[in-house]
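You will see chain A twice below: alongside chain B first, and alongside chain C after that.
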Partner chain A sequence: MNMTTPIEQREFRIVGKSVKRDDVLEKVTGEAQYTGDIKRPGMLYGKIKRASIAHARIKAIDVSKALAYPGVKAVLTHQNVPRVLHYGSPHPRSASCTKDQYILDDKVRFWGEGVAAVAAISEEIADEALDLIEVEYEALPAVFEPEDAVQPGAPLIHDVGPGGNLVLDPVRVNRGDIDKGFSEADFILEGTFAGGRPHPAYMEPNVCIADWDGSNKLTFWTSTQTSFMVRGILAEVLGLPLTKVRVLVDHMGGGFGAKQDVFQHEFLCALLAKETRRPVKMEFTRHETFVAGRSRHPCRIWLKQGFKNDGTLIARDMKLVYDSGAYGSHGPGVTIVGTTAATSLYRCENVRLEGRCVYTNTPVNGAFRGYGVVQSYYALDIQMDEAAERLGMDPAELKLKNVVRAGDIAPSGHPIIGHGLEICLKHGIDVLNWKRLRSRDRTPDPKRPQIRKGWGIGCEMHGSSAYPGIKEQGNATVKINEDGTVTLLTGAAGLGTGAHTALAQIVAEELGVRFEDVGVIHGDTDVVPWDIGAFASHTTYLVGTAAKMAAGKVRAAVLERAAMKLQVSSDEIDLCDGKVFVAAEPDRAMTVSEAMGPSRGIPAANIVANGTYEPTKSYSFAAHFTEVEVDTETGIVEVKRVVPVHDVGRVIHPIAAQGQIEGGIQQGIGHTLTEDYLIDKKTGRSLNAGLVDYKMPLSMDMPDIETIILEAAPDPGGPWGAKGVGEDPIIAIGPSIANAIYDAIGIRFHHYPIIPEDVLKALREKGA
Partner chain B sequence: MKRMVDFTVNGEAREMAVDGCRSLLDALRDDVGLTGTKKGCDVGDCGACTVLVDGEPVNACLMLAVEAEGRAVETIEGLQPDVDRLHPLQDAFMRHGASQCGFCTPGILMMAKKLLDDNPRPTDEEIRFGLSGNICRCTGYTKIFDAIKSAAREMEAARP
Partner chain C sequence: MRRFDYHRAETLEQASRLLTELGDDTFVFNGGTDLLVEIRERLRRVRNVVDIKQIPGLSDITYDETRGLTFGALVTVGRLENLSLVRQRYPNLRSALASLGSIQVRNRATVVGNICRASPSADTIPPLVADGAFVHIYSRTDMRVVPIAEFFTGAGKTVLAKGEIVTGITVPPAADNIGKAYLKHGRRKAMELSTVGVAVSLAMEEGVCSDIRIALGAVGATVLRAPQAEAMLRGTRLDAAAVRNAADKAMEECTPISNVRASADYRRDMVGVLTGRAIKQALETFA
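Our next item is the complex of A and B:
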C-alpha cells in the first residue's frame, strides 16, 4: 500500500465501539476449550527427563528400567529420534534465525534441558518412570554470564554460528559522523545499564497433544501463537508434506510472545505418539514453564551521549549485549530490533550502535512483549532524564524537544507518519498539569515521614509488524452465506487480546453487515489461510487490512448481484446493516440474504474473496506519567498512579485496547520492581521457578491507571489508520518508574528489577 | 488405591471411585469432565482452580478428591442461574473487558461470587484483598475491579 494514500474517513457503525467479544461468553461460562482441556480416546501422557547439569556430554543413558516399568509405553532419547538441525524460532523469510538445535542431543547445554521423554498411561506413571532413567554425564565447564562466555578460551556451547559463543555476527548501525557529533557536544553523559530476566508467566502452561491417523497424518493441538510455523517446522523435521500435519489451537491462556517458538516438547510429543500409535498429551508443570519456556533476554548496555547546552542531542554511542541462554531462539531478532530501535525515539543525527547476542549455559530466552526494545529504551529514557538534570531543565521539556516527529527516519528505515509521540507527551503534560506537579511541595507527610513521592515520565515507540526483519504477509478469506451472514477465516491466533473480535468488526464495517452477522473461523491450519503468527503487535494492522480487503471484494460482488436483481447499475446502490438499497430511492431495497438467495432463476451465490496484504510498518507511540512512593525504611517502591497516554491510530475496540495497555503496565511494573527469573551462577540451576518465588504484581499491587488513548497519528498502512497496541505499554512504564524513583529520593538506578534491597543499600550509601 | 467418594457438584450428586492421592482438581477435570476449572500451577500458587466447597473458596489442586466426601462443590459451570441467563458477574466481566485470555477467569469469578455473597457492597480495598490469591497476567486487574463493582451494584438493585 502506498504510504501516502489518504486514510478513508467515514461515519463508523461498528469500528470504534466496544462490542461484546464473542470469545468471552465461553470464557465466563467455563466452556472455552483450551488445549489442556482436550482428551482423546486412549490418550497417553508424556513427560520429559530434564538434565541435572548445565553443560555436559551424555556418556551413557540407560532407559531399560523405565521401559520395563508397568504402564510405560515408550521412551525416547537422542539415540532413537531423528537428528535434524533446526530452528527454534522458525520465522519464515527471515534472516534472523539460527539453526542450532536438535530434538534431543548427546550434549546438554543448560540445567533443565530435556534429555529423554516417556509416554505412559498416566501422568504419575510417566513421572515415576523419569526417575528410572539413568544418565551418565561427562561434565563440561559452563558459562553463565555473557561477559564470561565471550572471553578467549571460554567453553564453546555450540559448534555452529559465528563462533566465540556469539549467536550472530554483531549488529552494527552507523548514521552520521559519531566523532564529529561528540566533538560538537557541550557535555557528554556515559553510563552502564542492566536488565534482568523477566518471565512472561502466562497463566496456561505450555501444552500439546499429538495424534496420528491411519494415513500417517499428524493432528497436533498446541498452545501456540504461530500455528503455521509449528506446522512448517514439524513437517520439515519429521520429513512430512504440509498436507500431513494439521495444527489446531482454539483458546489460548496467554503467550505474550513466548509461545512463538517450536519447543522441544512439541517434537517429542509427536514422536511419542508416532512410536506408540496412540494420542499423547504433554503438559508443562509450572516449574517447566520457567525452565523450558522462554524469558526476556537479560541485557547489559553501555550508553554514551553528547548534548548541546540548548538540549539538542548530538551523538549517541551504544553497545548492547543480550544473553540468549543456551539456544538462539529469538536472539537474532531481539538483538536486531532492540539495537536498531536505538536509532530513534529521541532524534540524533550521529549514531553508532553495536548489538551482540551471546550463548550462555542458562535457560533459553525468546520472544517477549517489547522484543529487545524494553532493554534499549530503558537506558535511553533514563539517560534523557539525567541530561535534563544536568541542564537544569524539566525532563518533560527536554523530551519534548527531542522526540521523533513526522518524516524522521524510523528504525525500520522509512519515514515516521505523524507527530504521535509529541502529541502524547503534550497531552499528558496538560492533563496532569505537569509543571505544577514538578514544583509541588515535597515536604514528607508528617504521618508517614518515611515515604517520599516522585513522578517520572517514560516514552516509547514500537512498530506494528516485524518489517524489515521479516517480510510479513497478512491473509484473510471472507465468504458470504445465503442468509446474508458472513464467515471470516483467519489464521491469526486468539491469545486473549480480542483480535478475532476486532477482525470481525472490520469485516462487518467494510462489508456493510451487522457485527453479530460475522462469524470467525480460526485455529485450524487445514482450513484457514496461511498466517505468519500473532506477534509484533501486528494482528489488527496486518490481518485487519487483509480482512478489510477481502470484505471489500465481497461487498462489491454482493452489490453487483443485488444490482442485477434490482435492475439498476451497481454504482447506484448502497449496502448498510445488511440491507441493499438504491441510493436515490431507499425504498427500493432488499436484504443481503435476498440478494444472495436464489430467485427469478438466479441461483444462490457462492461469493468468497481473499485479501493478502504485505505491509511495511507503522509505529505506535506512548508517554507514561507515573507516580511512585518510596518507603525509605523498607526500600519498597509502590507505584501509585499511572497516566498512560497512547497513540494507536484508529481504535477498533476501545475496551480491548485499554485492556492491552493496563495489562502491559502490570507486567512492566513487575519487570521494573520485582520480577527476575534467577539462575544460580555456580551451577546454572533455577532458583525461583514458581509463582510464589517469582514475584509478580497482583491485585493488591496495582496502581490506579487512567488510560488515555489518542488517535493522534493514524497510519494509512492499517485499517482506517489503526496501528498496534500490544507491546507498547510494557516499554514505557519501566523508565517512568526509574525516573519517578529518582524524583522521589534523588537516586538513579540503571538496572531492573529495582528491588527493596537495592533501594535500601543506595539510600545508606547516600547517607540518607 | 481407589476409594469411593460421594459429593455434589453444582447440585448434582456424584458417586465415584478415585485414587486416594487424586486432587479435587484432577477429579473435576478428568473424572467428572468439568474442564472449566483450570490448572495453572497445581501447587496452590495461582488461584486458577478456585472452586467453592460448602460455600468456601478452595484451591481445588490442594484438596484431595476424597476430602470432598459429603460436601457440595460449586464450579464455574454452575455459576449461571439457568441455561439462558448469566450470573451478573459473568455479564459484567463480558461488558467491562475483565477477561482477556480467560484462563484465570473461572477462578476469579468463583472468588468474586464468594466475595459478593459475603459482602454485597465491597470497598475497592476489599475487592483487591479478596482477589489477592488469584493471578491474572493479562488485564492489570483494572477491568476486573470495574466488573465486580458493576455487578455488585446490579445485584444490589435487583434485591427486593
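Our next item is the complex of A and C:
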C-alpha cells in the first residue's frame, strides 16, 4: 500500500543497535516460563494412543480396560468427539488451505496418527493406560511415495479435494513463450532433483494446557506461532464464540514454521479438560514431535532450461511434486510459494511451471522455514552452476549476469525494489577475492592426500510476508503511561528470535523514548490486538510497521499535550530520549513524564493508539559463499567456512539478525548433509523419530561463519526499510554446499541430504 | 517415563541380593545415562533399579607398572578422560572416552556401565579389547576375573549371571614400545554413536611389529577382533602395503549389518579405511 513512500533517512538512537534483549535475563536464569512449566491445581495429564498401521479403517475400539485403570479420568475416541471437518492450517485470509481432517476419525492415514486420548492423574498412568486400549484395524493398501499415490487405481487417502490423492489442483504458471524460448536456446540442460524430509526439531516439544472455567470459557496455553488461528479454529470446531476461548503463549522454544498448524492434540486436550472438568496438560515426547509434528515436504523436481552461449537464460520448464504426507496442512501454500518462486531468482522471459502436492500415508508435512523455496531454489541454483560449467564460465559471473534486478517482476507480481542480490554477490566476490579462489592451486595437501577442497555459491531471495497467498494484516496498540513509560501490545509470538525486542526498539525510536522505557505485552488473545501469526519472515516488517504507526500517533498526541503545557505550538517542539523541548530553545523542556502526568487542574493523559498495516511484500536477498572439504576415502563432507552476504534492508538489531543467519545456516547444513526423517517404505513406520538417529549438526560441527549484512535494498514497506531475515539463510546454504562439493570432486549431486555413502559411491563410479 | 521402583544398596552383598531377589526386570543403576533413556523410550522394561553409587570402594583409580590401570565401577568417563596418565599411556581409551556422548553425559556415565550395556557400538569397548583388559566380577560366593573379549556373548548380552556385579576393570600396563589409537566414524563430531569404531594397540621391537590387536566396533553383535589381519601384520615393519592388505582382511573379518545409521557395505568400507588410519596413528606415537 505504501510501496511508493520514500524511505525516511535519519540518525537512529536505538534502531540498528544491538540492545540487550528483553527476554535474555529470564532465559539465562531459567526464570522464563514456557508452557511446559505451567501447573494448574488439579491438573490431569493427557496422552495419545497412536496407530501402529499406516492406512486402515478402525473396525472396533475397546477402551473399557483403560477406563477402569486406577487414575484414568477420561478416554476419547472417534465415537465420542465432535465430528467436524476442519483445516489443519487455518490461515483465515488464505485461499490455500485444505479442510481434510477430523479431531479423531474412524480411518487411520499414517503410522503414528492419534486414534484415542486418555486423561489421567499422572503422565505415567496415562501412558500405561494407552496400552490397555484395544484397537481392531482393517488394513487398507497404503502408498508412501507420491509417484505411487498418483497412479490410476492407487488407494485414495481422502474423499475430499480434487481426487487422485492431489491436495489441490496443479499450480500452473506460464510466462512468455516456452517453445520459442527453447527453440532459440544454444543449449539445454535437463535434470531431476530430490529433497529429503528434514524435520525442524525445535527445542520445545509441542505442549498445551486446557482449562475450562465455570462460565464455560476455555483458557488454552499452547506453544504456537499463531495464537489467534488456534483461537479461531478451536472456537469453530468446539462451537464457541471467540469470547469463550482465550489462547495464551509466552516464551517458546522455537517453531521454525511448524508450530503454525492447529494440531490434533490441541483439540483432544481441550475436550479431555471439558469431559473431566479439570485442567489437562498434553506434552509431546521427542518421538511425537517427529511423528505428529510437521516436517519439510519431500520434493521431486524436473527442471529443463535453455541458455544462449553468452549465458542468457531464455527458457525454464519445471515440474515440482511435493509430498504432503497424510494431510494437507500447508501443502497448498508450500506448493504455490515454492512453484511461483521459480519464476524469479534468475531472470528468464519464458517460463512454464507446474507444481503438484500429493497425499501419501506418511506423517504430515507442513510449514517450515524456507516454505517450498528451499526445494525449488536448490534445483535452480545447482543447474545454474551446471550451465556455467558447460559454458566454461565462472559460476559467479554467470549468476551475476542472470540474477534479478530492480524492476523485474517478483513472484508476488510486484516489481523488485533495488539490486539486492547483485550487490550481495558482488560484495562476496570482492571480499573473498573470488577470482583468486577459483584459480588457486588445487594440489592436495601431502599430509592429507585424501582431502579435496571446494568452494560454491548459492543464491536466494525470499519474501517478507505471505502476500499474495495471504492478505496479511499487522496490528499494534501503543499506550503511554503517566510516568512516560510505554506499553506495546502485540499478538506477534516470540519464537525465540528476539522479535519483541525489535518491536520495542521500533516503538522507542519512533516515539522518542528510551528503549528501556518500552514494555511489551504479548501472547494473550483476550488482551492484545488480532494477529495473523509469526511466520513468513514478516514480524519485524509487518508488525514492526504497525507498531511504528501506532507509536507515531502516540508521539503526536504527546507533543500536542506538551505543547499545551509549554504554551507553544506542537510543531515547534521535538521529542527525544523521553524529553520534550522547544526546538529553537532546547532549555524550554519537560520530560515526557511531566507532559503526561497530572498537573494542577488537569488529570493525567490517557493516550492509546492503534496501528494497522496491510502490506504487500518485500524481498530479501542472499548469496552464500561456502568452502567444503571432502574426504575421498570416507565420503564425509565437512563445511569449513561460510561467508553469507545478506541484504535485509534496514537492520533493526544486528546481533539478532546475525543469529538468524547463523542458525539458518546450521539448520541448512543439516538438511544438506545429515538430516532426513526416514519412513519405512514398506510399512510407513518411522525409522529415526528421535534425536539419536536424526542427525542435526551441533555446535562442534559448525564451520566458521563470517556474516555480512548489507542494507543495500531497503524496502519502503517495512519500518525504515527493514525486511525479513528468518527464512533466507536456510535457502542459500544448500546449493552453495552442493556446488562446493562439485568444485571439490567434480561430482554433481541433485539431492539432499548428501550422505557419505552417496559421495563414496559416486566417487567410485567416477573412478571406475 | 514409565514407573519403576528405586532401591539403594549400601554394600555389594546387599546389591547382589536385591538383584537376585527382586526378580526379572531389575537392573543396576549406576550413571543411568543409558538406562533412564531406555526406560523413557520404552526400549527396556524395568521394574526395579538398584543404585550402587553409595557402595564404598568402587570409585578408586590405581596404576602400577606391573598390574596396569585399575578403575572401579563408579569411575565416570569424564574423570578417566581427564587423567593425564590415561592421556599419556592409553591414548586409544582416552580418544574413545572423549568421543562418548557430551561433556554432561561423560560427567555422569561410567566406563563399567558402558561395558555392561554391551552395545556393539559402545565407544570404550574397542580400546579395552585391543589392550586386553580384564573385568572384575563380584558375586556373593566368589570373585572372578574375565578377559574383556570373553565378557560379551551378544548384542546387549554378557556373561554376568543373576546377582553378579562388575566392580572394576584392569587394563594392562602400557610399555614404551606400544602404540595405540582409536578412531570413530560418525556423522557428527559430538553426541554421536559410532557407525564404526576401530581400536589398535601394537608393540614394535626394532622396527618390527611384535604384537598387534585390532578391535572393531559396531560391525558385529559384539566388538570383534580381526585375528587374520593381526597375523598378517605381526613380524612386518607395518609398511604401507602390509597395512593395506591387513585392512582389506579386516573388512572380510567383520560382520556388519545395515541399519538407519549406515549400510553394511559402507560399514565394511570404513573398517578398511579406519584400520589403516588407526595403525598409522598408533605408529605416530613413536615418531
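Rule of thumb we're sticking to: the second predicted complex is superposed on the first by the 766 of 768 C-alpha atoms of A that agree within 3 Å, B and C clash if a C-alpha of one lies under 4 Å from a C-alpha of the other, contacts with A are read in each partner's own complex, and residues count from 1 in each chain.
Definition applied: a contact is a pair of C-beta atoms (placed from the backbone, for glycine too) under 8 Å apart; a residue touches a chain by one contact, two chains touch by 3 or more.
Since this is a predicted model, take the numbers as computed values, not measurements.
Student: Can you tell me whether chain B or chain C touches more residues on chain A?
Tutor: Counting contacted residues of chain A, the larger count belongs to B.
Student: When the two structures are overlaid on chain A, which partner does A:602 contact: first (chain B), second (chain C), both, or neither?
Tutor: neither
Student: Please indicate which partner A:698 is in contact with in the superposed arrangement: first for chain B, second for chain C, both, or neither.
Tutor: both
Student: In the overlaid three-chain picture, which partner chain does A:583 touch, first (chain B) or second (chain C), both, or neither?
Tutor: So A:583 meets neither chain B nor chain C here.
Student: Applying the touch criterion given at the start, work out whether A:690 contacts chain B, chain C, both or neither, answering first, second, both or neither.
Tutor: In the superposition, A:690 contacts both chain B and chain C.
Student: For A:674, decide between first (touching chain B), second (touching chain C), both and neither.
Tutor: second
Student: According to the stated criteria, A:253 is in contact with first (chain B), second (chain C), both, or neither; which is it?
Tutor: In the superposition, A:253 contacts chain B only.
Student: Would you sort A:496 into first (chain B), second (chain C), both or neither based on which partner it touches?
Tutor: First partner only.
Student: For A:21, using the defined touch cut-off, is the partner it touches chain B, chain C, both, or neither? Pick first, second, both or neither.
Tutor: A:21: touches chain B, not chain C.
Student: Should A:655 be classified as contacting the first partner (chain B), the second (chain C), both, or neither?
Tutor: So A:655 only meets chain B here.
Student: Common interface residues of chain A with chain B and chain C?
Tutor: 285, 690, 692, 698, 700
Student: Once bound in the complex, which stretches of chain B touch chain A?
Tutor: Chain B residues touching chain A: 29-30, 34-43, 45-46, 48, 75-77, 79-80, 86, 89-91, 93-97, 99-106, 109, 127-129, 131-132, 134-145.
Student: Could you pull out which chain A residues touch chain B in their complex?
Tutor: Result: residues 18, 20-21, 23-34, 36-37, 39, 200-205, 251-254, 256, 285-286, 495-498, 655-656, 658-659, 662-667, 690-692, 696, 698-700, 702, 705 of chain A touch chain B.
Student: Note which residues of chain A are touching chain C in the complex, please.
Tutor: Within the complex, chain A contacts chain C at residues 123-124, 127-128, 285, 287, 633-634, 674, 678, 687-688, 690, 692-693, 695, 697-698, 700-701, 755-757, 760.
Student: Which residues of chain C touch chain A in the complex?
Tutor: Interface residues on the chain C side: 1-3, 40-41, 185, 187-193, 260-263, 266, 269-270, 273.
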